[in-house]
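The chains carry the letters A, B, C and D, assigned in the order they are written, with residues numbered from 1 in each.
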Amino acid sequence: MTAVPAPRRVAFPAGLWGMLMVIATEGMLLGAFIATYFYLRFKAPVWPPHGDHAPPIATTLILTACLVATSAPMAIASWSAAAGELAKTRLALVIALIVQCGYLAYEFKDFSDELHKSNIVHDQYTSIYYTLLGADHAHVFFGVLLNLWLLGKLVTGLTRYRVRAVQAIAWYWHFVNVLTIVIVGTLLSAHA
Amino acid sequence: MVVVTERLTRLEHQWQARPGVLGWLTTTDHKRIGLLYFWTTLVLFGAGGVEALAMRTQLARPNQHLIGPETYNELFTLHGVTMIFFFIIPMTTGAFGNYLLPLMLGARDMAFPRMNALSFWIFLGSGIFLYVSLAVGDAPNAGWFNYVPLSSRHYDPGHNIDFYCLGVIFNSIASTLTAAQFIVTILKSRAPGMSLNRMPLFCYAMFAAAFGLLFALPTLSADVIFLFLDRNVGTHFFDPAYHGSALLWQHLFWFFGHPEVYILIVPAFGIATSIIPAFTQRKMVAFPLVAIAELLVVFIGFGVWAHHMYATGLPTMTMIFFGAATAMVVIPSTIQVFSWCMSFIMGTARFNTPLLFIAGFIFMFVMGGLTGIMFVAIPFDQQVTDTYFVIAHFHYIIFGAAVFPIFGGLYYWFPKVTGKLPFDRPGQIAFWIIFVGTNLLFFPMHILGLIGMTRREYTYPSGLGWEPYNFAETIGAFITTAGILLLLGNLVYSYFRGVESGPDPWHGPTLEWTVPSPPPDYNFAVIPTVRSAYPNWEPAPPYEWLDRGHQQVESEGVDGVIGDIVGMPHESPWPPLLALTLLGVFAMLVLGKFEIAGIMGIFTLLTLVGWHSKEPQES
Amino acid sequence: MTVKRLSRLQWFGLFGGAVMLAAGHILGIGLTYAECNVGGARWGIPNDPWEMAILLTAAFVMVLAAAASATIIAQTQGTSYDDDPPLSRIRFFAIAALLANVLFTIIMILDLVGNVFNVVCRQG
Amino acid sequence: MIAPRRHALALLPAVAVLAGCDKQQNALAPESHQAKSIASLFWWMMGGSWIGLGLIVALLVLAWKRRNRRGIGSDTEGDKPGEKFAWRVVIGLGIVTPIVVIGVIFVIANLFVIKTTEAPAADSTRLTVRVIGHMWWWEVRYPGHPAVTANELHIPVRVPVRLEVQTKDVIHSFWVPRLNRTIDAIPGRTNAIELYADTAGRYRGQCDEFCGLQHAHMAFYVYADPPSVFRRWLAQQSKPVSSPPPKLFTTAGCADCHALRGTSAKADVGPDLTHVGSRSTLAALTIRNTPAELEDWILHNQAIKPGNQMPDITISPAQAHELAVYLEGLK
């Protein structure tokens, strides 16, 4: 049995490819939502229609900034996980998680308040507005769940599998943050 | 020698499947999942076929009332949805793709075996979900294209369309999982040395189909989500009163719907490009052009969607964009047609059943393709849109060009799956019956369309010259059915009475023919290496026994350089459980019990946690 | 040229034109759509010059990608597309990309012709 | 557009059968310059298609004849016999030729023919007709005239007419293949095509987009009349009802849905009946317009056109007869 000597190359593992697939298809879904937003916008004589108002610029931007900032601890987490530094990974994850939960909590309160003010069924603007925003929040929420699960896993230390998990979830978060920027940009474009 | 048997037993021990039903429920073996897909889709093919026969019987003569309008509308809707979402895609990707990809790539399993199982169980769930709607008399009834406002709550108050929306999302989850699975498997699980330029064309086809599914399905999901919200929450996406638009539905639907038809056809190209080299004993002509053609047809296919909407009064300038893409999307197909034909000519063709079906496929595909080219001419498209001319066009493509290769593939890989040779003569007879039947069934539709018969009429008046063609079509439909039954019956007979085939009856080019038939649970005892796109014809020294664990090689992606040895997950009960919880979620959604659906969703998340509680062994 | 540079060139050839086709189509169609509906018309973006700009830019990149692929094919005359990688793979995808970019460019040309010939927003 | 070579192509099987059939709704029996240019587009493309198909079949037959020999061309040895020659064929016939052919089709059809079939500019014609789709019948209006009719549409022959298409409910599609291509009726939109007939006559049309239960029974006639006849018809249709309706028309509930111009019946749910007697069919070409069949329709329309929006009227046959006689009298 002659085994052919083959060079080994540091490769991009299948797990991360899997996450890339998730990002691709999710990105496409949200892309369709955003396309719909502009499709409806271009058809409407006034945007936002009478009785609606575009989201507040300042608060929205600040909140988004907070969320996007969590890309840093997530990145640190994935590096230190790869380097096998368990404590550092945990710390970074916890920091990220706190900010993300804060963001989610505020957004949830805000979202429900707004829903009381002007309902999703009010007109086509509110329909797409709340759908987009809701989709974004859903992604953040799922990311939070992932981080919680990850911290649970890390209680019993790092394994190769968990390192991959940290990396993949970090990617997911970078994606969610980019997504949030794009969606917020779309929604704020109602001011233009 | 001792060493060899010892290692084989070790592999057996590592990979062998649980016995009995439980083994099938918890399996992560791509071959078993492929078979599960095969049997399920075969049943659904039967259902779709019966629906078609019922419609053809109704239309055999003018002014017939065997079937009422409501039933007829449900029939053609289910026929479309079933054949597209529940037969061709799962049959080509789920069954053929799952069974063959790892065998062709020289891998022991897919990249994500448990996810692979999950995709099947979700698919099964969605199939049940769809046909329950028929059982409870609420089957979708607004066409597979399901245009608003006809499908809005106001004009369709029943649960029919909710079943459509949720069934489509449910099914597309399964397809998306398969797609992601295929792309990663193709990029990461190729045998050492299989650089992308040495990857079998079948895998290129599967890659193209997966790419299409991954990027096309989300727009459909978005679309049906909007519709579901419009129907059940009261939003205004498609509501003209609020500057919503019925055309928005069509844009999103066809942005998915046109790539979809290429997703249907491309795996068939893959099957054809596997059979042709084997039965002509010659490498495919113009290999790189065929490979890129398979990718291009899907890629350009994303830019042609509005040619389904030429009659909706879009600006000419907009239509030009889609017309241009439609014009050029033809070229990849013409390239392949000539490459196939030249391979026939340059090789020594053996016209056994599989190659016969491929020859028939080329004929049917060219027929459908030529009428397709006619649709480049926007005014002509606008003239015949929604007539039987269009039905003729896409049935030549979908039945002739997508299903013929499936039949050919059945005969080609039957020995690999069962270890028995199929009887050839009955297969050939079956081919000729099906060939005559389908042409008798579909060719008159061209004429019908041109002389004015529109689609989706549950009955038609006499005196317009439509009678003879409709009658001929109905006869053709039954002839085709007879042929298909003979075809499948012969396979069953061969399974029991056929002679042993051995590992490589056709002297096939690709890696699956290097392993015993049926393949062992671990596929390859020794991980092969590859020095050619036709590794069974140009063997290379194997890499190594990977028998120290439940492992497989992970390559680096482009040039087939070994990246890593990874532990593969074992059988798992979680995929079917997760699918079950999802079925619960969708059932509750269709009943409008959103809170309970939410609770079910929590169960889904819990199963996910359980799923990941056991980690694959380290290497 | 070094294999590394050839390889980079090959990936550009394979993806450069494709990306521009996607971009050109989405922007081109979106622009006409915006122009022809009240909401978008308010911005008064002149359709024709912008369409020209978009389509010509896209076509330009496609021609570059085609040229890159052609260069590679010329550079790798010696190897066949089924020899050992990476050179074979580079040649393989160069051949593929050349075809792809030719088709993409023709699409752009047809789009341009259509734009010249048609009044924007005239219902077809 | 160049005139098609019918004689040459008539030899082809498909055409032979096409020639034989009834012409009422036959896209290949065009009666307007639009439909003619579309038809000749088709004839040319079909001719080309037969050539293409013939080529492929020839190649397959050749393959069958040569099933025992390998390779053609300079390089018949080696593991890829005839590869050079094959590449030339693939590039020549598989890439260059189709690009040229399709390019030509694209230019002729999408740059020139399309100019005749695209929507005419508003007020580019002297006469405008508005057609409004309903489930499952067609309302026809003549802007500037009080005339309202249903399921039949009269136009002057050899006069370009701007046809505006709208819908009251779901998407319908207006299609008279012998005069012009399909145009969809989409909620919230007004689409338009030019309607033009070379010769006087009756042209059958039908709803071309699936619109629910009775999509199959949503046909209509376009009558192209000599201008004088048309003008008389329009004047007649513009008049109010000639004689007041029997009480039954209200008591039986007809007035809840139908209008009789000049009376208190003004509903617009169902077709305007002011001149129903002048029409050739009922229920969008489902039945002929005779007293007997109208009577039958009033009593059992749900059996004749299942699911249509009109209920079976529960009155005695005698009363139905009275109504039918009255309505048929409205010429």
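Here, contacts are C-beta pairs under 8 Å (C-beta built on N, C-alpha and C of every residue); 3 or more make two chains touch, one makes a residue touch a chain.
Nothing here was measured: the structure is a model prediction, and the numbers come from that model.
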item	value
Chain nearest the overall C-alpha centroid of the shown protein atoms	B
Between the pairs A-B and A-C, the one where more C-beta pairs touch	A-B
Centroid distance [mean C-alpha coordinates] between subunit C and subunit A, Å	31
Separation of subunit A from subunit D, taking each centre as the mean of its C-alpha atoms, in whole Å	50
Separation of mean Cα positions, subunit C and subunit B [Å, integer]	30
For subunit C, residues contacting two or more additional chains	33, 99, 106, 110, 114, 122-124
Sites on subunit B at which at least two other chains make contact	243, 245, 289, 313, 316, 319-320, 323-324, 327-328, 331, 335, 378
Contacts with 2+ other chains: residues of subunit A	39, 43-45
Complete list of chain pairs which touch one another	A-B, A-C, B-C, B-D, C-D
For the subunit A and subunit C complex, residues of the former touching the latter	38-39, 41-45, 47
Of all residues in subunit D, those that touch subunit B in their complex	14, 17-18, 20-22, 24-28, 34-35, 37-38, 41-42, 45-46, 49, 52-53, 56-57, 59-60, 62-64, 66-72, 79-83, 85-87, 89-90, 93-95, 98-99, 102-103, 105-106, 108-110, 113-114, 116-119, 135, 169-171, 173, 175, 177, 181-184, 186-189, 191-192, 204, 206-216, 219, 285, 306-307
Subunit C residues touching subunit B - in the complex, by the definition given at the top	18, 21-22, 25, 28-29, 32-33, 36, 47, 81-82, 84-86, 88-89, 91-93, 95-97, 99-100, 103-104, 106-107, 110-111, 114-115, 118-124
Subunit B to subunit D touching residues, read off their complex	68-70, 73, 142-143, 147, 149-150, 155, 240-241, 243, 245-247, 282-283, 285-286, 289, 311-313, 316, 319-320, 323-324, 327-328, 330-331, 334-339, 341-351, 359, 362-363, 366-367, 370-371, 373-374, 376-380, 382-387, 446-447, 450-452, 454-461, 463-465, 537
Complex interface listing, subunit B residues touching subunit C	195-198, 287-289, 291-293, 295-296, 299-300, 302-303, 310, 313-321, 323-325, 327-328, 331-332, 335, 378, 531-533, 558-560
